[in-house]
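For reference, the structure is listed below as structure tokens.
Order as written gives the chain letters A, B and C; numbering starts at 1 within each chain.
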Amino acid sequence: MFGKLVPVPSGAVIPERDIGKRPILNCINLGVTFGGLKAVDDFNLMIGRTEIAGLIGPNGAGKTTVFNLLTKVYQPTHGTILLDGQDTHNMTTAQVNRAGIARTFQNIRLFNDLTVEENVTVAMDAQMKYSMVSGIFRLPSFWKEEKVAHERALELLSLFHMQDLANVKAGSLPYGAQRRLEIVRALATNPSLLLLDEPAAGMNPSETAELMENIRKIRDTFQIAIMLIEHDMNLVMNICEGICVLNFGRVIAKGSPEEIQSNPVVIEAYLGKQKEA
Amino acid sequence: MKQRKISKTNVVNFSTYLGMVIFFLVMTALSKAGVLNRSMTGLLVPICCYMSMAVSLNLTVGILGELSLGHAGFMSVGAFAGVIASQSLLDVVPSAGLRLTIAMIVGALFATVAGFIVGAPVLRLQGDYLAIVTLAFGEIIKELVTCLIVGHDENGLHILFNLTGNKTVEDLGLSDTGIAIIKGAQGTASVKTIASFTAGFILVMVTLFIVLNLKHSRAGRAIMALRDNRIATSSIGINTTKYKLMAFVTSAALAGAAGALYGLNYSSLQAAKFNFNTSILVLVFVVLGGLGNIWGSLVAAAALTILPEALREFADYRMLVYAIVLILVMLATHNPTLQSFFARLKPGKKEEKEAA
Amino acid sequence: MEFLSYLISGISLGSIYAIIALGYTMVYGIAKMLNFAHGDIIMIGGYVSFCSMYYLNLPPIVATLLAVIACTVLGIVIERLAYAPLRSAPSLAVLITAIGVSYFLQNSALLIWKAAAKTYPPVVAGAVQLFNGQLTISYISLLTIAACIVIMLALTTFVSKSKMGKAMRACSEDKGAAQLMGINVNSTISATFAIGSALAAIAGVLLCSFNTSLMPTTGSMPGIKAFTAAVFGGIGSIPGAFLGGLLLGIIEALAKAYISTQLANSIVFAVLIVVLLVKPAGLLGKIVPEKV
């Protein structure tokens, strides 16, 4: 069901169907140093426009740091990020989001005191135009745009069958629903690249299976690229087309699930060197 | 579900407006009937000012979630700007109502400018650092106003900045028909008091209208999101500085309008009135009324302004009682043991859990 | 010469701020709360020492000791009764409680000692004359500076070397983890309040000797200034509080002398704001980034 990975001139690989189009993300020599420690170093990655990509590696390898660099939560100390060909240098987190990267967080960061629906509509803020004055005096633009936002929020929530929870406080949702709501909130910003940080963490096998379906559904419906960090190898090997393996802040392998599974360097990183064997 | 939510928010907002209208009607009727004694009648305008102050501070502290310890500073800016406007226009605008309106708008405008000057640089600080800087700004505003000497005559406004402390109104060079408006540390002088309870009521209603509608618009959502999680808010493309500043400046502007009304309620008022203790007083209204809870702020402001007056017979002990009440209320509402005890008494909480 | 005398009065005023700020910064470091009642403990220290000297005719050193004991006990009692039950409450609730405690102390003092200012006899009288009498330095200034340096050094050693000091540092980093390591968090916090209040008592005696007057509101402004000093230097940092206090005192004294008496406090606060804008965590503080 997936296109197979093909090499592109820079030495990277992207799915066949995305060839000939500009890659959505191109990281060149990306890196960050925290007090002399190179948390991520010489990170190069290209992601196709509709690719589902995986970022894996042992704990502390720097996976979330890569997400934080891409979304400018941390400023990279060197390297370039090209988002749809546009250099995100000098952009803030908010600007990067408006340029097309949305994300979820490893430790869920919802707006707990807002309702489920408000968590989604607040993410549409950049698409709304009415001014503070229109908001205070309830001018027609307020009603019109709020109606559009309300309908779109319910539509997005229905993707995960959450429309009935619209008026519940986000903080009182069960764990799995919170993870799903974070994805919906990210989607509400109209991203072209969605970053999911351990979306299956804490989920049981049936929830994970449903999540896999949903991730595919999101890609197919919105025709966007998705990159995910995940420790559940079953999920990664099943839905990712391209996988990038990090260890100690460096890329140690890139390729299709089959290539990664049989790569000795990857096996060593996960299991340690088998000296006696 | 959607229908219920809209009605629920609307019911709370509507009750808030309605409560205020009832409060106004009852108090007017009581004072017309001569039931209220003079000191109570004298409290009506200050109560409205403090209600407006509390609601506006709630926007910064409760809705935006940033601690401000200098709210009285903006009230001060509004008060003195408003008094200057009103006193200068004595001859030009004879109608007291119109002059009061102009004064309150001028007060709000000056407080807006002050809010920008304070907010733009410091809102990137966080938590207690922001709190200490707002405290510092409140004190700076107080001292700057203490240095002001202002008078008005047919040639317009005369303003002196009394840096050395030995200048007086005489140095303004006013003509014979001129009037002194602010005499440095002595504050405003012989102000024509034009504040009224009706004006106070309108001020509170306007404040409520602005704050409640702002809260339930895209700006309000973004501001509350910012309070709940800053990093997530910027991750969804929201310019956090813009919304922080919007909340902070709106709050300052409303405090300025309240200050103008307050200033025009007294024939003489010193800058020292708007010190750190006044900022704290308003903060206490907000916290006791409940963070983000608008009608709570109204009730707390009214009750705590009346309380010291009602405790007048205890004379010297009243502030002591006030302090003890404050500590006990905080312990009762925030101690985990006592809190869970109260939570079990409230039926509303249970419902919420079931809905989840 | 004039400048030198302003500078010295600034340094001694700064030393008082530094002593208060040291207590403040320790309490903040461990309890993470703005303890607005700290300034009023200074005032109580002043009154206790005043009464001991004035009514009981005790020597200054004994009076100071009594003030230290009284304030230490007071600090522990306040922490136990008002702050400890709110340890898991939002910081704003604790802040309001601290304000309640501050009002309580001020109004109690008002009832007991009345509003009128008392003339406070300095604990040491006299002055040294230097440069043929061109420069006069009071003994109280010298005593204040010396006391401040001794306290700073003692506190640094205590916090870095002693078992209790290590427990304090552990608690200020992570109370939960400290508890798991077998540290008694409650008694550590009490000890911190005790030390902070003892320092406040010493500062009270020195401050009143410096100003030679005492009122129920004596502690408020120095309390706020000392807090400013602690933030200025980087809150939670002991050398930061020392540096912040000294700088604040010097800036205040020089601003009063050369710019404007009326605006001295404004200038002090303006400098604080500028420093925080350039260094958001204070001069010696370090920014702890939020983990994402």
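In the analysis below, contacts are C-beta pairs under 8 Å (C-beta built on N, C-alpha and C of every residue); 3 or more make two chains touch, one makes a residue touch a chain.
All values derive from a computational prediction rather than experimental measurement.
Asks: Farthest chain from chain B, going by mean C-alpha coordinates, please.
Replies: Following the centroid criterion, the farthest chain would be A.
Asks: Nearest chain to the global Cα centroid?
Replies: Most central by this criterion: B.
Asks: Roughly how far is chain A from chain C, going centre to centre by Cα mean, in whole Å?
Replies: 50
Asks: Between chain A and chain B, tell me the centre distance in angstrom, where each centre is the average of that chain's C-alpha atoms.
Replies: 44
Asks: Indicate the whole-number Å distance between the mean C-alpha point of chain B and the mean C-alpha point of chain C.
Replies: 31
Asks: Can you list the chain B residues in contact with two or more other chains?
Replies: Residues 231.
Asks: Quick check: what residues of chain A touch more than one other chain, meaning two or more?
Replies: In chain A, residues 73, 105 touch at least two other chains, as defined above.
Asks: Please set out, as single numbers or ranges, the residues of chain C touching at least two other chains.
Replies: In chain C, 292 touch at least two other chains.
Asks: For the complex, give me every residue of chain B touching chain C.
Replies: Residues 61, 67, 121-122, 124-126, 128-129, 131-133, 135-137, 139-140, 143-144, 146-147, 162-165, 230-231, 276, 280, 283-284, 287-288, 291, 316-317, 319-320, 322-324, 326-327, 330-331, 333-337 of chain B touch chain C in their complex.
Asks: Show me the residue ranges of chain C that touch chain A in the complex, using the header's touch definition.
Replies: Of all residues in chain C, those touching chain A are 292.
Asks: Can you list the chain A residues touching chain B in their complex?
Replies: Chain A reaches chain B through residues 71, 73, 92-95, 97-98, 102-103, 105, 109-115, 118-119, 121-123, 125-126, 128, 130, 132, 135-138, 142, 145-146, 149-150, 164, 166-169, 172-174, 185-186, 188-189.
Asks: Using the touch definition up top, name the residues of chain B that touch chain A in the complex.
Replies: 1-2, 4-5, 209-210, 213-214, 217-222, 224-225, 227-229, 231-240, 246, 352-353, 355-356
Asks: Within their complex, state which residues of chain A touch chain C.
Replies: For chain A paired with chain C, touching residues are 64, 68, 73, 105.
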